[in-house]
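Two complexes follow with chain A in common, the first pairing it with chain B and the second with chain C.
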Partner chain A sequence: MHVRLNDRAFALLLLAPAALFMLVLVAYPLLDLVRNSFFNGMLSAPDAGHFVGLDNYASAIASPQFSGALARTILYTLIVVPCELVLGIAAALLFNAIGQRSAIFRTVFAFPLMIAPLVAGLLWKFLLSDNFGVINWILHWVGILRDPTSISWLSDPTLVMFSVAIPDIWLTTSFVALVVYAGLQGIPGDILEAATIDGAAYFQRLRYVTLPLLRPVLAVVLVIRGVDAAKTFDVIWLQTQGGPAFASEVLSLQIYRTTIRFGDLGQGAAIATMFLVAMTVVSIVAVARVWRPGEGARRA
Partner chain B sequence: MPSTAYPARRRIQVARIAVVVLLLLVLVAYVFPYAYLLGTSFKQSGATLGVPPSILPPVWSLDNYTGLGNHPEIPQTFVNSLAIAVLSTLLALVLGVPAAYAISWYGTGAGRVFFVIALVVRMVPSVSIAIPLFLMLGRLGLIDSWIGVALAHTTINLPLSIWLLAGFFESVPHELEEAARVDGCSRIGALVRIIVPVMVGGIAVTAVFAFLASWNEYLFALLLTTNKAQTVPVLIAGFNTQYGVDWGLMTALSVLYSLPVVLLSIGLQRKVVAGMTMGAVKG
Partner chain C sequence: MRRVGIIAVLFVLVAGACSSSATTAPGGSVTAGVTLNVLVEAGGYGAEVTLAKAFEIATGNHINFVQVPYQGVYDKLSAEMSSKAGAYDVATIDEVWLPTFASFLVPLDSLFTADVKSNLFAHEVEVAQQGGHYVGMPMWDNAEIIFYRSDLFSDQAEQANFKAKYGYDLAAPTTWQQYSDIAQFFTRKDASGAATLYGSAVTGAMDSDFENLSLQAGSPGTILDANGKSIINNAQHQQALQYLTDLVCKYKVSPPNVAASDWGATQNLFNQGKAAMMMFWGHAYRFIPSDAPVVGKVGVAPMIAGSAGIGATPGPWFNVIPTSSKHQDVAQAWIKFAYDHNDFALQAPLGLVATKSAYNSVVGTAGFENIKPLLDTLSGPATKDRPLVADWQKIVDNVLVPTVQKAVACGSSPTDLLNAADQQLKSMGH
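Take a look at the complex of A and B:
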């Protein structure tokens, strides 16, 4: 490559409009968010607040609702991501087992990627309803439930976190499956053949050859899905709005409720800022430790 | 995949059948929610909430669809969603194509920094940025306007587009630009007249992604619109939270809302999936 000084100027010129856009519409709002977290402004009068130092942070951290929402955000991520990974890898291995003939399956599997999370949340709210919901009735018909109204998926506080996770799992398992399938295509056939000749059974090949070779792909999927799950809003909001009695309120819903419903700009901004900092730290650690870009992450 | 003719050929055959059966089962479970949504939308309005529910409509009917006619605001929300998605896609491409080109071909330090920033932005929870954005657009008088929502959606679409486009640019040979330059093209001329036309496929895939992200987006649209620029998802969610949900109407509206997306994704399925997995595998 012959990069001249002129090229550099030209490149910066091409970058400038996008950079300016991000500066004005992303960087500035984020700075504004952090600023608001130190003031006691209200949504109705955002500029009328006074500087209150760390008060918003202190009262947020002290409130049991915040720690509850934090715990639920972590729980939600821990439910959703492992389920999606296990189901997605299993589906990808099934696709791989029948090779090119899996095309039709993969096409159908790709559908949820295009569907709005909002529709998914709504649809599952309908399916999981405890009186007319078809899921309870199917469980009844196949003999698992005696009384078809006995599971209150979305109104039982101990169950609701698992119920709200279902549409997310349904929606994004296909993402994991298709990405992992793409990764599987990148594994050289002769390595697996060598393992077979050496007498390795299917699950041994899986454990010692396939999965280690998939590591970069799995790491990317893990980071992306982890981040997306932690910031989920639509799916949960549509199903329960955080209820019953905040039993499914994760942090993104709490920020929304605090700021929009209660109009408490400062408090909402403090929670959002903490969330943002935590996510950034987790992502950086994840990218550096798990993902390790540059170590063949591009193989697929 | 070359399956070596090893001992138990019959066992492989059995395993293969088991895999197909298993896949079919997964598929049925997977498709059922959609099928049920579609079926319910064709039930008579009285049968929507029947107990016990019927899997297929007992009587097929267009009640729920004709019922949408009682809500004259619906067509406008579709126009709004379309206009906002198109605006945001165009904006993301106009800003994203030159930026991605600069990053992948010149690889300057600034370009790499920008790339990392674009990545980090993907990690920013929408709520954190939605509220300051709401205040800012409010000061500019852009609340409840197409342009306001389109700008907000571009904060999602631009990093996504740069990410995808940079990958596509890397696959275009540099000799192409050099040849154009030797023939007397300016840098911009080479980009616009030679490289962009070669990239049409990649740009189209990127456009589909940007369009879908905007069409499906809910939170920004919820916060930034009141009624004039309300998008379809905001309307659907509005029906949901009102007292006494009309499920029949919601299923019909959801089917209509998802239809363009499903058609688009069937038409471009292979390319879109390729783009999605590439985008994911890279970032």
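Take a look at the complex of A and C:
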């Protein structure tokens, strides 16, 4: 017997395995996380918790450590993402200008991308070490620092958030550069040529032609890197473990510490749920405001 | 038919010989053919691997070690407690975690005979008992002692200069004043003002130095009293934090950025020859790398004494059996074997044991110069365990370490910091 499916049904059938995967490995754990946030379970006895309503949320929001971690998460994202965007776009424009000869440079530039964040965190911990770090000694040798211990990269509370951001920028700028470079390849050459003929200078073409056409690519990069930066854990944990005195503790570290080290499953889940909701909202806004999908079709 | 019968018998014999199911070990008293998964900290692996080989020969069981960093032991055992997956049969854990995991551990009361208890340090026996049962058997014990550069201390010019300046002979420090004097004496700078030698490494990112000093100053306990109530801002704790702050901020005997100095950084500073002294865990004596500039130039001495005498917070580690283990009988046999042959661990790089008899067997032996100072420190009149409360990790992470870090960052009054810490502890129910 021959069963005929319409296009919609066939599409749904093809989506079914992926949907099942998402249901089991994404939706179920997420629902369990949200459920845990309304109970006061401990990691040692997760099923023994009692329903406490919004108590976990209230105590998390009232905690100065939560507000501090939230502020530092926003600060870290605002440091990392713009730096990577600017440096990545600049590198991509440079590669684009060089053309095919940039292949070797693009390859070398992508090397940090192949390094695990764990390794990068350890590497930069040693490079930035206050007493033995190569960075301080180089600055001392070239005469910028009088004393190689002058800059306490990882122990100065006013500096540490910028210091822990360095490995992230070093690791991921090449990702931004490669994605933007790929986007630049998709810009029709005749549009740029027409702008040149009309007398537009380089930066005018960049501002009025290139960047607007790169908007979908930039939106994707912004969302991906923004969410990645906000949920950074390993790079910061390896370097400072959130110290000194919480000066580099971001929300992901606080979630880990609350859930795993203190065993407070309920409060850890509450913080994680709030974080998840916030990231989802930010992503939606970023896509809607930067990418504006379908705007071209609506204008036509 | 006869052929089928012969084949059947042969099959049974071969199947029996090839069976992987546990059988009785040679010696007859414990199941054999079992693989035990033992969770250890990286340093502990060395202490237990030789024992494991002997255990395997004696019992026919295999030990599979899972090595993780210090915090990883807590994290993995927490996950095991939550999941009850049976991933680990034995874990070697820090004493401070015993209250957290006590309800999840198999009682080992039968192992604690009178002979065993008399051969262990009193604090080990006390700590092993949680909720009316002995839930862990000590594997090794440790405490912080004084490490110093014996080459500098024995240099005649240094000795003469020190005597001229301070009026007493240069020797391993025994008091707070001597430690401070010697640290200041050995802090040296070159013409450009850059430090060439620091008088003392200070572990500003950990809580142990502060706790040790508080006991030496005569506090009845460190951080919490016997009822679990905060005493962190009593006079002795204030003296302790002030002393630590003065070393870093007033006398500048350590690098200026010790707020990020964890144990690894402290050890590295000393082993690289950049510090004349450090207060550090006794096992580090045997962990000095063979290519370190200080090889052959390190002396060890008991922890310094305050007004209450020598004091330190011991750091015993215990072998425990999670209730989720599927091989509890073999696990218990392993723990007993580890106790009975505790002296094996002396040959490991860690060089630490838990029993008096094992320690005493190497006092005076070359290569074990750290053992006598360690024994003296463990027996010190002010030596006391850290508080064993279920939320100790939270206290360390949220209160103690930030307090010490802020103090050694130089800009806050130790009294104000301790008062704030006291408020935090009270808000946590202490």
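The rule is simple: the second predicted complex is superposed on the first by the 274 of 300 C-alpha atoms of A that agree within 3 Å, B and C clash if a C-alpha of one lies under 4 Å from a C-alpha of the other, contacts with A are read in each partner's own complex, and residues count from 1 in each chain.
To be clear about the criterion, a residue touches a chain if its C-beta (ideal position, glycine included) is under 8 Å from a C-beta of that chain, and two chains touch if they have at least 3 such contacts.
Note that the structure is a prediction, hence the values are computed from the model and not measured.
Participant: Contact-wise, after the overlay, does A:32 reach chain B, chain C, both or neither (first, second, both, neither)?
Facilitator: It touches chain B, and chain C stays clear.
Participant: Regarding the shared-chain residue A:65, is it in contact with chain B (first), chain C (second), both, or neither?
Facilitator: So A:65 only meets chain C here.
Participant: Return first, second, both or neither, reflecting whether A:48 touches chain B, chain C, both chains, or no partner chain.
Facilitator: Touch partners of A:48: none, neither chain B nor chain C.
Participant: With the two structures laid over each other on chain A, which partner does A:74 touch: chain B (first), chain C (second), both, or neither?
Facilitator: In the superposed model, A:74 contacts neither chain B nor chain C.
Participant: Of the two partner chains, chain B (first) and chain C (second), which one does A:146 touch, if any: first, second, both, or neither?
Facilitator: In the superposed model, A:146 contacts chain C only, not chain B.
Participant: Examine A:260 and indicate which partner it touches, taking first as chain B and second as chain C; both and neither are also allowed.
Facilitator: In the superposed model, A:260 contacts both chain B and chain C.
Participant: Let me test your reading of the model: by the given contact rule, A:14 touches which partner, first (chain B), second (chain C), both or neither?
Facilitator: After superposition on chain A, A:14 lies in contact with chain B alone.
Participant: Between chain B and chain C, whom does A:275 touch in the aligned arrangement: first, second, both, or neither?
Facilitator: A:275: touches chain B, not chain C.
Participant: For A:201 in the superposed arrangement: first (chain B), second (chain C), both or neither?
Facilitator: A:201: touches no partner chain.
Participant: State whether chain B or chain C is in contact with more residues of chain A in the superposed arrangement.
Facilitator: B
Participant: Under the contact definition given at the top, report the residues of chain A touching chain B in one complex and chain C in the other.
Facilitator: Residues 43, 46, 131-132, 140, 148, 260 of chain A touch both chain B and chain C.
Participant: Which residues, counting only chain A, touch chain C once they are in their complex?
Facilitator: Contact set of chain A toward chain C: 43-46, 65, 129-132, 140, 146-149, 152, 154-157, 240, 243-246, 257, 260-263.
Participant: Please name which positions on chain B make contact with chain A in the complex.
Facilitator: 1-2, 4, 6, 15-16, 19-20, 22-23, 26-27, 30-31, 33-34, 36-37, 40, 49-53, 55, 94-96, 98-99, 101-103, 105-106, 108, 110-111, 114, 117-118, 120-129, 131-133, 135-136, 151-152, 154-155, 158-159, 162, 174, 187, 212, 215-216, 218-219, 223, 233, 236-237, 240-241, 247, 250-251, 254, 257-258, 261-262, 264-266, 269, 272-273, 276-278, 280-283
Participant: Inside the complex, what are the residues of chain C that reach chain A?
Facilitator: 71, 74-75, 78-79, 81-82, 100-101, 103-104, 192-195, 204-205, 255-261, 265, 268-269, 272, 274, 391, 393-394, 397-398, 401-403, 405-406, 409
Participant: Using the touch rule from the top, collect the residues of chain A that touch chain B in their complex.
Facilitator: 1, 3, 7-8, 10-12, 14-15, 17-19, 21-22, 25-26, 28-30, 32-33, 36, 43, 46, 91, 94-95, 97-99, 102, 105-111, 113-119, 122-127, 131-134, 137, 140, 148, 170, 174-175, 178-179, 181-183, 189, 193, 196-197, 217, 220-221, 224, 227, 230-231, 233-234, 237-238, 241, 251-252, 255-256, 259-260, 265, 268-269, 272-273, 275-276, 279-280, 283, 297-298, 300
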